[in-house]
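You will see two complexes here that share chain A, one where it goes with chain B and one where it goes with chain C.
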Partner chain A sequence: MDFYYGLAQLVGVHTLLGLSAYIVLLTGQVSLAQAAFFAIGAYVSAMLTVLAGWHLVPAIGVGALLGAATACGVGFPALRVKGLMLVIATLAFGEGVRIFFFNFDYQIAKGGIKVGPLGGEGFRQIRFFPENGWSTAEVMLFIWMFALLVMLMLWWIDRSRYGAVLRAVGEDDMAAQSVGVNLTAVKVSAMTIGGAIAGIGGGLYAHYTTHIEHSSFNVLVATFAIAYPIVGGLSNVLGTLLAVIFVQGFLVEGLRDLGDWRNLLFGALIVLAMNLRPRGFLDAATLAGIARLFGGRRA
Partner chain B sequence: MLELKQVSRHFGGVRAVDGLDLGVKEGEIFGLIGPNGSGKSTTVNLIAGIFPLTSGTILFDGADLGALPTHRRLQAGIARTFQSIRLFGQLTVWQNLWVAQNSPADRAKRGFYARWLGGQSGVRAEIAQLLEFSGLAHKQEELAANLAFGEQRRLELARALAARPKLLLLDEPAAGMNSEEIAQLRERILSLRQRGVTILLVEHVMELVMGVTDRIAVLNFGQKIAEGTPAEVQASPMVRKAYLGGEAA
Partner chain C sequence: MLDFLQAVLDGVLFGAIYALIGIGFTLVFGVMHKINMAYAAASIGGAYCGLLVLQVMADAPVWLVFLCAFASGGLLGYLVYLTCFHFIPLSSPLATLMSTVGMLLLIDEIIVHSTDGRPQNHPAVFDEVMLRAGEFSMRGDLLFVFAVAVLCMIALLLLLYRTRLGLATRAVSQQPVAAQLCGIRVARVNALTFVVTGLLGGGAGALIGASVGTLSPLLTLPLTVKGLIVTVIGGLGSVPGAIVAGLLVGGFENAFQLFRGVTERDLYVMLLLFVFLVFRPGGLFAARGGRD
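Then we have the complex of A and B:
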């Protein structure tokens, strides 16, 4: 059973990672910096619980705030570049943050042993959950509480005027500014919200794995972050969740028995999924179909 | 109401607009015509703030628009349509109008919560009016990308009106329309004028320009070569030369 709880924890955290990219993608910005905000949330909240002895919830809050502040800072220069240029710029930023943590030492002695981040060795012994006696199931529920809250918030945003404006900017930013949309406010706010979500995800990730290091936040993680909402479809937050379940549950865990063949199939199945569902698993047409189905039953 | 003084915009060595003076009075329908590449669309883009001016000034209601960004110009009361239709294709017709409600009146009427985080219920009546005006009420739940060409043009006009502009810049609104659609467009433009909207109409379709405008300016190679009533402009030898080439008759 613990295997499934562990998988559910991973799916929950990766859903947050994917959703952090989802809201940014809505505005048409492809950001490879999400892993960096994820890393900031992870390191900051872990340092607060391990070194400062904070409770996890406020520590995650501070991690999210710092993730948001950093994303806001990235959002302004990001306004000046588009498309591939933005991908390269955010990639460079993400790598910069990773290299920072690769070189980041801040250890203090606690009860005879040294704790804290130690450069390339990583940050070990993030033991908030075991020290407080949380079971795997409780940790899973805790993670999913955050994942569901964020999904609900984004669901609400999607139905609000702000959500429509995000999508309008994503489709044609020149037309959007011509109808009076302040592009700076919209793009930077989306980036900031994305940074906060990634920060929450990072804080949860650090504590359930108990050990983080720079390579947990590399380009592959950044790529996964944008791949989830793209594979899942940008019509709806549930698409991102479906994509995480497909990738982590089926491709990574489900095919583990295949050994080396898994890596080959992994790429092939992603390509196949994108060919079969070019607008993602849950596209507008599918959602309309589901709505009709339920509407029909009610009538 | 709108005044362009010695306005220039150069793209490298190309003088797209060169020392243009233009005055549009409140309540009039002002036509801007000229051959392809004469700088009409560039003029619209300069007024809307898509590119900065190379030199000159643009005054709107007496205030210098200067380096005001595009979205602030809309709040000042200048809305526009595009020559090549630019709708939000994956949004519904209704949502296209919803996101365009950015006039100062809309900002004042609704607080931050209602403007940004609110749902669709509070604004139904206003958008219904716009849909009615454009004859798109039956298509409101359709994605904008799925509309027919003429409907897309109508939606783009309605979207510009959602901002309650004082000045409306129409960049070739009749391009690609058949004569029945042009007649409808003409009715819409005239009814907008009745509501007090000033209109700058950039157009190739003479059938429309000559019928609705009060005054016309003619551009060629970024410069104004004639200005006057439709009849005066039609009689101008310079205009004939610009359109037909060769020696002035």
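Then we have the complex of A and C:
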């Protein structure tokens, strides 16, 4: 059973990562810096619980705030460029943050052993959960509490005026600007919310794996972050969840018996999925179809 | 000071490879307004295919390895076009971004799978030669890399500016609709652009093998990042920009490797990119606006 709890933890954290990219993608921007905000949340909250002895919840809060602040800071200069230039700018920023953590040492002695991040070796002994006697199931529930809260918030945003503005900017920013939408405010605020969500995800990730290092936040993680919402479809937050379950649950865990071949299949299936469903699994037409199905029953 | 100049010189020579990769990204961007994320992976893949020659014929001459890398690079380029671009509507830019990322992972994994993840030795060229000019020395293999890369660039520029295919390519990159109205088969031009960039990439991959001495799947991601940085610094869609930026990034990177060590080197390359994004967001040779 613990195996499934562990899988659910993984799916929860990756859902947060995907959702952080989802809200940025709604405004039509592709950010490959989500892994960087994820890393900042992970390192900051882990340092707060391990080195400063904080409780996990405020530590995650600070991690989210710092992730949001960094995203906001990146948003302004990066938004001078558009479209594909932004992809590359954020990619370079993400790599820059990763290399920063690769060179980052801050260790203090605690109870005879040195703890804290140590450059290429990473940050070991993030033992908040075992020290406080949390079981795997409790950790899973804790992670999913955050994941569900964020999903509800994004669902609500999607149905609010702000969500409509986000999608308007995503569809055609020129048209949105001409009806008086402040593009900078919308894009930077979407980046900031995305940064906060990635920060929360990073904090949870650091504590359930107990060991983080720079390579846990590389370009691949950043591409996974945007892959979930794109493969799942941008019409609904459930698309992201569906894609995370498909990728982490089915491709990574479900196909474990295939051994090496699993990795080969992984890339091929993404290529195939994009060829067959260029707008994602849950695109607008599919959603409308599902809604009609349920509407028909009610009528 | 002398060490610094020497480091910059070596870096600029190696930067010719970055320039080739940058050209590949920039040409595809110019024609289709899309990024082909699988490009660097396909280039390394082409170089691996070149090594297949040595499997068949153990004492094959080096030029045959290079030729095979070139050819299979072109073939891989066409395959990438077919699987990641041809069937996906132009109106969904995110889908092609994702499909090429999938292709990147696939090529990486095929390499890892077929070589058991071990780095493969690549035949070096002129690696014993050392040219000396006063205090400076030039590594023969880097000079060879530079010379071949320059030849590739000249061939590409001739293709772009002296042939009908080049004319068509430039027309499509300026105005795809107008080009189609003039009777240019846009899909064919797109596919041929992928073949041409694939040829360049296969060559670049083999050059990396020749100068580093080994090929490893670990090369693909850093090379993708470097190539994209070169593309942005040079200006998206600009071939001369990619050449200048490639040499610039190569020299800059090697200079900082001398000062700050190999682990911090790339951090300064990213900083260089951000300096460009803030002060010259269009890149060195920004394309004039007004497309579409």
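We take it that the second predicted complex is superposed on the first by the 299 of 299 C-alpha atoms of A that agree within 3 Å, B and C clash if a C-alpha of one lies under 4 Å from a C-alpha of the other, contacts with A are read in each partner's own complex, and residues count from 1 in each chain.
The rule is short, and it goes like this: contacts are C-beta pairs under 8 Å (C-beta built on N, C-alpha and C of every residue); 3 or more make two chains touch, one makes a residue touch a chain.
All values reported here derive from a predicted model rather than from experimental measurement.
Participant: In the overlaid three-chain picture, which partner chain does A:93 touch, first (chain B) or second (chain C), both, or neither?
Facilitator: The answer is second: A:93 touches chain C but not chain B.
Participant: Just to be sure I read the superposition right, which of the two partners does A:270 touch: chain B = first, chain C = second, or both, or neither?
Facilitator: Touch status of A:270: second partner only.
Participant: On the A-aligned overlay, A:104 touches which partner chain: chain B = first, chain C = second, or both, or neither?
Facilitator: neither
Participant: Between chain B (first) and chain C (second), which does A:219 come into contact with in this model arrangement: first, second, both, or neither?
Facilitator: Second partner only.
Participant: After the superposition on A, what does A:182 contact: first (chain B), second (chain C), both or neither?
Facilitator: first
Participant: Between chain B and chain C, which makes contact with more of the residues in chain A?
Facilitator: C
Participant: Contacts for A:164 in the overlay, against chain B (first) and chain C (second): which applies, first, second, both or neither?
Facilitator: In the superposition, A:164 contacts chain B only.
Participant: Output check: A:54 vs chain B and chain C. Expected answer is one of first, second, both, neither. What do you get?
Facilitator: It touches nothing on chain B or chain C.
Participant: Using the touch definition up top, name the residues of chain A that touch chain C in the complex.
Facilitator: 25, 30, 77-78, 80-81, 83-85, 87-89, 91-93, 95-96, 99-100, 102-103, 120, 218-220, 223, 226-227, 230-231, 234, 260-261, 263-264, 266-271, 273-275, 278-279
Participant: Chain A touches which residues of chain B in the complex?
Facilitator: Spelled out, the residues of chain B in touch with chain A are 48, 50, 69-71, 74-75, 79-80, 82, 86-91, 95-96, 98-100, 102-103, 115-120, 143, 159-160, 162-163.
Participant: Using the touch definition up top, name the residues of chain C that touch chain A in the complex.
Facilitator: 29, 33-35, 83-84, 87-89, 92-99, 101-110, 112-113, 221, 224-225, 228-229, 231-232, 236, 263-264, 266-267, 270-271, 273-274, 277-278, 281
Participant: Spell out the part of chain A that touches chain B in their complex, as residue ranges.
Facilitator: Residue list for chain A touching chain B: 156-157, 159-162, 164-165, 167-168, 171-172, 174-183, 284.
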